[in-house]
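Okay, got some structures for you below.
Below are two complexes that have subunit A in common, paired first with subunit B and then with subunit C.
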Partner chain A sequence: MEQLPGTYFRGDVENLRALFNVIRSRGLEPIGYVIRGDAIYFGSLSSFELLPLGLEDVQAPGSYRLYRNPSGFFRHSSSSPKYWFHPPVQRVLEVSEGFEVEAVQEGGGPVALFGVKPCDVASIEVLDRILSSDDSFRSRRSRVALVVVEECTVPGATCFCGTTGTGPSARGGYDIAYARLGGGLVLFKYGSEVGLKLIEELGLTKASEDEVAEYERVMGRAREATSRLPKLQEVSRALERSLADEAFWKEVSSRCVGCANCNMVCPTCFCTEFVDYLEPSGRARRVRQWFGCLSYTYGQVAGAHYRPELYMRYRHFVLHKFLFYPKQVGLVGCVGCGRCVTWCPVGLDIRDVVSRVVAKYGS
Partner chain B sequence: MRKVSVAVVKLTSCSGCINEFLYAVASSPELLRRVTLVYATEFQDLNTLEEVDVALVEGSVATQQQEELVKSVRSRARLVVALGTCAVFGGVQAARVGEDLRRVILASYPNPDFVSVLPEVRSLDRVVRVDVRLQGCPVNGDSLARLLVKVIYGGGEVSIVENACSECKRAGVQCVMVSKGVPCLGPVTFGGCGALCPSFGRGCYGCYGLNTSLVDAERLAKFLEVLEKMGMSREDVNSLLKSFSYSALARLQARG
Partner chain C sequence: MGARLVPRVGRVVRVVEEAPLVRTYHIRVGGIAEPEPGQFNVLYIKGFGEVVISVSNYSRVDGDLVVEHTVRAVGTVTSYMHSSIDTGSLVGVRGPYGRGWPLREFEGFDVLVVGGGIGLAPLRPILKYVARFRDRFGRLVLLYGARRPVDMLYKYEYGEYRAIPNSSVLFSIDAPYVGWDGYVGFVTDLIDRVDLDPRSSVAFVCGPEVMMKVAAAKLVKRGFGEDRVFLSLERRCRCGIGICGTCQLGHLFVCKDGPVFSYQEVRGYLAVSGL
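Up next is the complex of A and B:
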């Protein structure tokens, strides 16, 4: 549904709470960023209080800190929607003592993405294409009945969603999007009939021209802050030309230790490895678990190894996001969330690598 | 009923991994029934070193007698498992290598003449061919039980080489290094522990050993600079690496 131009509604955090409660009363389970202990995870939101509204994350290459700050703005943590849609350890099948294979059935009711950032919503769309024939993913994906997006008014220091075109504003694919502005003002917009009905139900009034102007100013600034990298097409072209430059890739990956944190925190990295657990009785369980392409055995096959050296595996990670995904599924695999930059223990920055590739191999 | 015959061999070590073996077997009656102990000098009286399916070798080779023992074990075992970090990398006793041996011995024994050890401490693979490496200080009892069950059913270990970080992320443990500035050896250390220390908010001290299929000397040096900036002294990190990754460090140096 087309957004009518200038149709913004005004409200505050209490309206957000009301929206949350309406969603729950309809039997939808809200999922999003949840406070658990001293960290934020992606998962089921059993109460509005668990949303990280009064917290602020400060991110830099190799560094993440969470502070209590009532007027602060939370972006994201190392935990992405992947944890819910494509869980880290999944039971695939069970085999009985008599060698009968029992498929694992997954259940669960409808869910609503609540307060999820545009980059993370975009990452689910990438997974949609990659895992389109994956039963477990499809079953979870089909449970999403409503999407409420929180736009990023104040992007983090490692964010580059403007470059990847996945943020900081909500693109399509949402029912309601909201932006938290200064002074407790929350601006709502709708992206579907359902979203509009919900907004009407909340009794929100239209935003004033000044409020919309302020929203546009804030989002413009956010877009500018996250759009400082070269254009994606240029990146793809340059990467293709850089393929054989062994010295270049060795140099840019010289600090990498192959820990695969980038793979694990990347919301679109989807690779898994199968592990079999056998009980003494003969009963067996097959699970698949996330496995990163930076890890040594990733490219290993019987009698050979596709990418035995670490620089090859790092190169593969970068190429896959910007060059291979578009060829495979027609979308860039990177959504610009910057998690791989923040959560790299040595602070290796994919933005630098991409800029350097373009500087050397750009047109 | 399918069974597996096992020899439990102890070299220079603390018996912690052998304890893990006992826990693993004793906590599963089904597994207990399927394990035949052929040789285990620590907990049975009659021991004959004969043909076995699996030899679980704990500890590193620090004496001449141990070298002869493991060679003899190798010739009788279908599968030799290096059990724990001492067997795989050398272990804590490797910290004495390069020190004045007499002084080290005197620190513990009143009469040094009763102690006869070699100056070098060798991981098992420097003495005999090793089929399976299960590192950890102590070894993860669950991994050991899984291996034994697979052997009982005629299979073997499929090793996945990755670092401790993957385990933290899968378990949803927030990175202590990035989020708290706690120095952590996880990024360069073999996984297998199930993210034990970081799940309690402390840094990994590398007891599963340095993963040299991922880091070379140059990468390690750069990584240690990061740890140093987080407040871990070079002396501390060197002593951890020597204690838990001795043979891996030697391999890095040999590669240049």
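Up next is the complex of A and C:
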């Protein structure tokens, strides 16, 4: 749906709460970033108070800190939508003593993405394509009945969604998007008829020209701050030329410790392995769990290893995001969230690697 | 979790001892489709895990299929199979999966089959197919090499292969062996002795990756087009349906884009170590 000029609405956090409550009253389960203990996860939001509205994350390569700050802005945590759509551990089979195989079924009602960042919404679209044959993912995906996006007015220090074209503003694929501006002002816009009706139901008034101008100024600044990398097409081209440059890949990955944190926090890393459990009774269970290409055993088979050296595994991570993902599904696999930079224990920065490969192999 | 990762339960009806540490399991199973030559199934051994194994042959029995899987005891699951799975055992079967040998596309062509060691298993259905539809293909040449005579698979069928009209069968072993009067050396050496016209021939190759690379390079040098040399590749396949991600070779999923690829499709990737 085209966003017509003058279709911004103004409100505040109380309107956001009202929207949350309307969604719940319609029987939708809001899911998003949720405070659990001292951390933020991605999952079910049983109350509005669980949204990280009064928290601020401070991110840097290899560093993440969460502070209470009523006027602060929350970006994201290690946990992305993949945590809910493609959970870290998934039961696949239960098998009886007599080898009766039972597929583990899971149900659940409709959900609404609430307050999810544009980069993370984009990551779900990537998963849609790469996991199009994954029944578990598809079943969860089909439960999404409404999408409410929170635009990033204040991107974090490791964010580069402007470069990947996945933020900081909401692209398509949302019903309602909102931006929290200074002074408690929240600007709403709609991306579907359903979104428009909800906004009308909330009784929001149209934003003034000054408010829209302020919004555009803030978002422009955010876009600029996250757009400092080479163009993606140039990155792909340079990567294609770098494939066989063993010395280059050894050098850029020299600090990597192969922990696979980047794989776990990446919202588009989808790989899984299977683990089997056998009880003394003869009952067995098959479980599928996240698995990262940085892990030593990822490419190992009995009697051979297809990526025995660490540089090969790191190279695959980078190539897959920017070169192989586009060939596989027509979308760049990196959504510029910066999690792999933040959560890398040695702060290895994919932005540097991408810049270096373009510097060496760009046209 | 949906149906795609759920195996059918089959029963082992026969076990053939092929070679040291290599057995062929004949598994009777219902509810799965007929495999195309070069496709594979995923076998599930309860409590131990799944293994991705090519279909080396199949037959129909009443409404069921009997699929044949040649398994070398090399890892945890396959070693357990050899020690504990026998006639009468239950085995889970998912499949058939993957893109097999493009036989229909190459009707009218001469067919060269090059196998090394256990690599004959996914090639065996080609021999059966050509024998069955003999008039659809030209000359058939099989080159097969193993480490020792005893390591060769399907020894009991060689008479059958030789009896295929307009065919020749050449064997090699890696090192001299008492009583062996065939060729000694690499199976890829035998490519020099093949009397096929590359312009009207297609080659299907399976064996250790290094052997396949040598074979493909040699065939191309002999005049075979890169799009007429096909390899069946192995990677770390887990799910078989392109969702676990671990078999990726460059942007290709070996399980669903392959396991059979033309040399043209994978030459660039195979040339880079660890891609």
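Assorted remarks:
FYI, the second predicted complex is superposed on the first by the 362 of 363 C-alpha atoms of A that agree within 3 Å, B and C clash if a C-alpha of one lies under 4 Å from a C-alpha of the other, contacts with A are read in each partner's own complex, and residues count from 1 in each chain.
Just so it is clear, a contact is a pair of C-beta atoms (placed from the backbone, for glycine too) under 8 Å apart; a residue touches a chain by one contact, two chains touch by 3 or more.
Please read all numbers here as calculations on a predicted model, not as lab measurements.
Once the two complexes are overlaid on the shared chain, A:Val265 sits against subunit B while remaining clear of subunit C. By the touch criterion defined above, A:Trp343 lies against subunit B but remains apart from subunit C after alignment on the C-alpha atoms of chain A. Annotation for subunit A, partner touching more residues between subunit B and subunit C: C.
Applying the stated contact rule after C-alpha superposition, one finds that A:Ser136 touches subunit C and leaves subunit B untouched. Judged by the touch definition given at the top, the superposed model places A:Leu278 against both subunit B and subunit C.
Contacts of A:Tyr67 after superposition: neither subunit B nor subunit C is touched. In the overlay built on the shared chain, the residue A:Phe291 is in contact with subunit B and with subunit C. Of the two partner chains, subunit C is the only one that A:His320 touches; subunit B does not reach it. Taken together, the two structures place residues 273, 276-278, 282, 291 of subunit A in contact with subunit B in one case and with subunit C in the other. Listed in rising order, the residues of subunit B touching subunit A in the complex are 28, 30-31, 33-34, 146, 149-150, 152-153, 155, 158-163, 165-166, 169-172, 174-175, 177-179, 181, 184, 186-188, 211, 213-215, 218-220, 222-223, 226. Interface residues of subunit C facing subunit A in the complex, by the touch rule stated above, are 1-7, 9, 44, 46-50, 74-76, 78, 90, 92, 234-236, 238-239, 241-246, 248-251, 253, 268, 271-275.
Residues 38-39, 41, 62-66, 77-79, 83, 88-89, 254-261, 263-265, 273, 275-282, 289-292, 295-297, 310, 342-347 of subunit A touch subunit B in their complex.
On the subunit A side of its complex with subunit C, the touching residues are 90-93, 95, 99-101, 103-106, 130-131, 133-139, 243-244, 246, 270-274, 276-278, 282, 284, 286, 288, 291, 293, 298-304, 306-309, 311-312, 315-316, 319-320, 323-325, 327-328.
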